[in-house]
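My structure is below; once you've seen it, I'll send some questions.
For clarity, chains are labelled A, B, C and D in written order, and residue numbers in each chain start from 1.
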Amino acid sequence: MTVVGELRRVSVSLGPGERRVAALTRIDMQVEEGRVLGVVGESGAGKSSLARSFLRLVAPEDGAVLFEGSDITATPERRLRRLRSRMTMVFRDATTVLDPRLTARALIEEPLRLHTGMGSGERRAAVDALAERLRLRPAELERRPGELGIDRLQLVNVGRAIVTQPRLLVLDEPTRDLDTAAAADLLNLLAELRTGGMAIVMTGHDIAAVQPVADRIAVLYLGEIVEEGATADILRDALHPYTQALLSAHLAADLTRRGRRIRLRGEPPTPEDRTPGCGFAPRCPIAENRCRSGAPTPNQVGTDRRVACLRVLEGTSRIPLTR
Amino acid sequence: MLLDVQDLRVERVADGAPALAGVSFRVVKGRILGLVGEHGAGKSLTASAILGLLRPAARVVGGRALFEGQDLLRMSDADLTRLRGARIGFVVQSGHATLDPSTRVGAQLIRAMSIHRPIVKAEAAWRAETIMSSMGIPEPRQRMREWPHELTPSTVQRVVVALALINEPQLLIADEPTAGLNITTQMQILDLLHLELRRRRIGGVIITRDLGVVAQYCDDVAVMFAGQVVEQGPVAQVFARPAHPFTRTLIAIMPDRLATGGGRAYGGPLPESGGGCPYRPRCDQAAERCATAPPLVGAGVHAARCHFARIGAA
Amino acid sequence: MERPGRFLLRLLGLAAFLILVLMVLSFLLLKLGAAPSVVLLGGPNPLPEEQARLVADYGLDRPVVVQFIRYLIRVVSFDFGRSWLTAEPVLTELLSRVPATLELMLYGLLAGALIGVPVGVAAAFARGGAEDRAARGAAILGEAMPPFLLCLVLLLVLFRWLDLSPAPTGRLSVVLTPPPVVTGSVFVDAVLMQDGIAARSALGHLILPVLSLALLVGASLTLLVRSAVLAQLQTAHLAYARAQGMSREMLTGIVLWGATPAILSGLTAQTATLIGTTALVEFVFAWGGVGQYGLDAMAKADFAGVQGFILLSGLFALLVHGFHGLLRRLVGLRIRRA
Amino acid sequence: MTARAMRLLRGLQDRGLGVAFGLLVLAGFAAALMMRPVVWPQGLAFEDAQRLLAFPSLRQPMGTDANGRDVLARVIDGARYAFMVPLAALVVGIGLGAPVGLAAGLRGGSLDLLLRRLLQGVGLVPPMLLAMALVSAMGPSLWHVVVAIGLLQAVGFARAMRDHVRAMHDSGFIEGAAAIGSPVLRTVMMHLLPNTLARIAGEIPRQAAWALGTLAAMGFVGIATATSGTEWGSMIREGTEYLLAGQWWAALFPGLALLLFGAALHTLAASLDERLLLRGPPGSGNSAGGRG
């Protein structure tokens, strides 16, 4: 299967001068055509940096970014620009990235103007066809961002990203502000696009937000991947303590799960709070002394799973649920 | 019966458009009701109407809201002011913006106590410290001296819960108490709220867009759609046998149940009104008779507003 | 919050930079001057030898950068040059006029605040109502009003037609002898000397200039206070305070206390640039303050005077802003201790 | 029904009346200025030695000044400066200020910081005084007046531009355009500039009003002597002496014209502000309903 987007030992730092902090540390990740990669983490975990890295919207400090097999780590922005019709992004904040003066139609049409030689009639037809697929009504196409609800606005954002039929689509927390029904529709759309062969990376602060479509899930904590594997495997048997906590924090429809939780101490940290050793150790219910000194590296577990936890190899990383 | 809202109707002042078209639900003492619905369904508006906080954007045009037998909608402003914060506690959406940015955290707690009865400063400070530590806030005395902007999101939300509970209300209304929080923090806050409501035997209303919150923390549920309650009942019954198509859909598309690839649309904009069942444009069961207002089917604890509802049938 | 030492250091560093900018600005003004710079330094009619000596002395034959550094050194050692008109040192002339201007500004600000704050608060609470419209209309008229025009209208009505105020002859009737300078305020000095006639005359001369300034300050303060209070009325924490069952009085208190920082900032910005309006008022009433001196210097192309005046008004603004910075911090600390 | 109609009417008044008043006054001045030679063909410089400081009458509705010249004709002619100088200054101000603010806002970092501090330093001196000082230093030609006022306006526009561009940068607006492959220059011209200009629209009439006031102050103080013809500030200056003596018309009528013109501009600005306020920040969405 063709690998479309790939990160090789990518590290990213953000912030000016002295206050520069590591947002991502040595990330290895890839997404193939017709596959959906879900990246899960709480705020400050580095989801947005990771999403931007795939598209070279941030320049990595270290490592390599590949798109369709070619290294674009050092490609100048002028040359990248031409690739931007084939690798696109849906940003986290649906409301502020759009030009408030343009109509939904003009916004969706803009990438076509930039990247294709289509005439205005062709573009119009293309947008109309896409709008039907997105279930945007004709009247809504003539409205401006300020006149559309957030659910509909997010469809405009997605439309803008897929109108050029990209090979790689990256979505940063696309369902965060949406109602359940609108989120389900968006996930359905992504499933359709996957069938069409698109490679998709989507982030979420909750495993449940990506699980309906993700083939694989990567869990991010303080800029590092703590667990990565096939969705079904992770849902059935999460190995990293943090993954287990995230799963137990999800509020499922299942009434029998009431009150059965892994309760973490404190709050999700920011990169400034990083302590030596395992980044999760300060909040981990089963941390040992060695976790606070030695940082675990992602270890291959079985054939298809990576977990960064010292206790995994001994098989003692599972936490019993408490009431 | 702690709170009995009957056919509450509200309209927007600007254009006279109806915002709530007959909202009815009940809250029983010691039980928690989940008021669930989409953005714009009128959940927050319902809470504001009950507390008399609609003006100037909207106004009540009909219905009753009986709190321990007294109609809140017909109460004088002065009487309502005495109730608010004392017997009805309120936890608001945007935690951070809720706290007064130019008053220290401790002073806000003490002020909240002083609103409804004369206080002795030292005793009030002690009570504030006690309630903060019972909310699981570490080093409460230190936190009390801090400004709201110095607190972490989780602590802010704990303080907001403390503010709502400090006068020991009989009813607590929490409007999306965990919106925007991280998922592990969300769990902490909901656990805390749930525990305190149970421990103090307070009737609770949790307003949310996430049916998961209802499934995990509530006893009863009222589902709102387009300014109406379309289904109400005990959580176990509603989840086992949802009677309204909207409720059925909501349950079916919860992220851990959603099966993608069905090709069906669940969302979409609301219809331009015109009578009949408001859910009609989205409903997969819609028939001709749905152009007329649907009846309330079922009685007692579980009821739904739908022509096709069958309460109790498996 | 950062530590007091760091805070002061940062404030002083910023002030130093801003003073430097001001000096560049006033230096450029001098360089722009249509008249040869030497004339500015040597008085109206320097002899040729004198002129050559000055050129060498001030290094006017040197590169501009060197000239600027010399200028800096001169200003830092309190040498603002001599006035082209009077040949007196500019700094001495300016400083002797400072009390008159400060007196006018102080009363004007106080009276303006007495008008603007209550009207602004009332307008905000009555948003959209008749009171609000009236207040806003009046304030817009006040904003559009050229200061000198207001002064003239007031003079026409109160001095010429109703004869309620004295002629615009400065701070004291021309027939009286000014009391010896103690505080610099003619009125206070006259009271100190127990000179009843002079005191009454000084008070009378104060009324119209202060009234003019107060109306102008009050107008823009009204708009400022109104929008600050309106912003507070729309906050989520106020809505929550209502849900907590607070009384109207408590809510008003929260709104006003919350609006205070914004009002203080606006008031600071206004005070810092008030010297412009004051100058025009002084000009009409022949007040004899710094502003009138500056405007006269501009009209008569006394560039040394202009330069000193511009530098002084910039420094005044800097002081006001610095004071505001300290005040904010102190108020913050006070709340913390309470 | 009637209540709803009343509300509608009031809403219209709030928004429309200010703009209508402002535009009407400006249009009135423009029309008077253009038609004066035909409708009121009094010579601007014609001196009627028989009628010095004549009280307003049918023959001279605003009286005559100390030189026996018709005040009405001169007041109307003064509108020339009221239109020309602020307009020309705005061109200078926006032309200089907007690109600087744009560059600082886009680049950010130390360039931005330096610019902000420089503007802060210049901003310490009341702009009106600085403009007057500049004119007195450069010499009193009308062109210098325009340049001086324009320069000071450039300070304000640069600051406003910088703040808006920065806000849009922080909101992800620019990155969003970059992500679909829009070149920076295109993003600036097609998206950034139109949005920013739309958002500082209220600032333009306000700056024009400020320019008018400063021009008049220069005339009144006697700095911009080149404008001393029929510029309102200069006319007031000439009339002040007689006003204090009770012959108020020669100074008061140009003063009223000045006030009316300024009030029109301020009303326009206030209405534009209110409209921008109603429209809200970009993409905020007004579906949430009424504002409290």
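The definition used in the following text is that a contact is a pair of C-beta atoms (placed from the backbone, for glycine too) under 8 Å apart; a residue touches a chain by one contact, two chains touch by 3 or more.
What you see is a predicted model; the values in this text were computed from it and never measured.
Novice: Supply the minimal count of touching-chain steps required to go from chain A to chain C.
Specialist: The fewest touching-chain steps linking chain A to chain C number 2.
Novice: Find me the chain with the mean Cα position closest to the mean of all the protein Cα atoms on display.
Specialist: That would be D.
Novice: Find the geometric centre of each of chain A and chain B from their Cα atoms only, then give the gap between the two centres in Å, rounded to an integer.
Specialist: For chain A versus chain B, the centre distance works out to 31 Å.
Novice: Using mean C-alpha positions as chain centres, tell me how far chain C is from chain D in Å, no decimals.
Specialist: Comparing mean C-alpha positions, chain D is 23 Å from chain C.
Novice: Rounded to the nearest whole Å, what is the centre-to-centre distance of chain B and chain D, using the mean of the C-alpha atoms as each centre?
Specialist: Their C-alpha centroids are separated by 51 Å.
Novice: At least two other chains touched by the same residue of chain A: list those residues.
Specialist: Within chain A, the residues that touch at least two other chains are 149-150.
Novice: Could you list the positions in chain B whose residues touch two or more of the other chains?
Specialist: If we look for residues of chain B contacting two or more partner chains, we find 40.
Novice: Quick check: what residues of chain C touch more than one other chain, meaning two or more?
Specialist: If we look for residues of chain C contacting two or more partner chains, we find 239.
Novice: Over in the complex, which chain B residues touch chain A? Could you list them?
Specialist: 38-40, 152-154, 182-188, 190-191, 209-213, 215-217, 235-236, 239, 249-251, 253-269, 282
Novice: Under the stated contact criterion, what part of chain C meets chain D in this complex?
Specialist: Touch residues, chain C against chain D: 14, 17-18, 20-22, 25, 29-30, 32-34, 128, 136, 140-141, 143-149, 152-153, 155-156, 159-161, 167-168, 233-234, 239, 272-276, 279-280, 283-284, 294-295, 297-299, 301, 303, 306, 309-310, 313-314, 317-318, 321.
Novice: For the complex, give me every residue of chain D touching chain C.
Specialist: 10, 14, 117-118, 120-122, 124-130, 132-139, 209, 213, 216-217, 220-223, 233, 236, 240, 243-246, 248, 251-252, 255, 258-259, 262-263, 265-267, 270, 291-292
Novice: Using the touch definition from the top, list the residues of chain C that touch chain B in their complex.
Specialist: 235-237, 239-247, 250, 254, 257-258, 260-261, 335-336, 338
Novice: If we count contacts the way the header does, which residues on chain D are in touch with chain A in the complex?
Specialist: Within the complex, chain D touches chain A at residues 109, 171-173, 175-183, 191, 194-195, 198, 279-280, 282-287.
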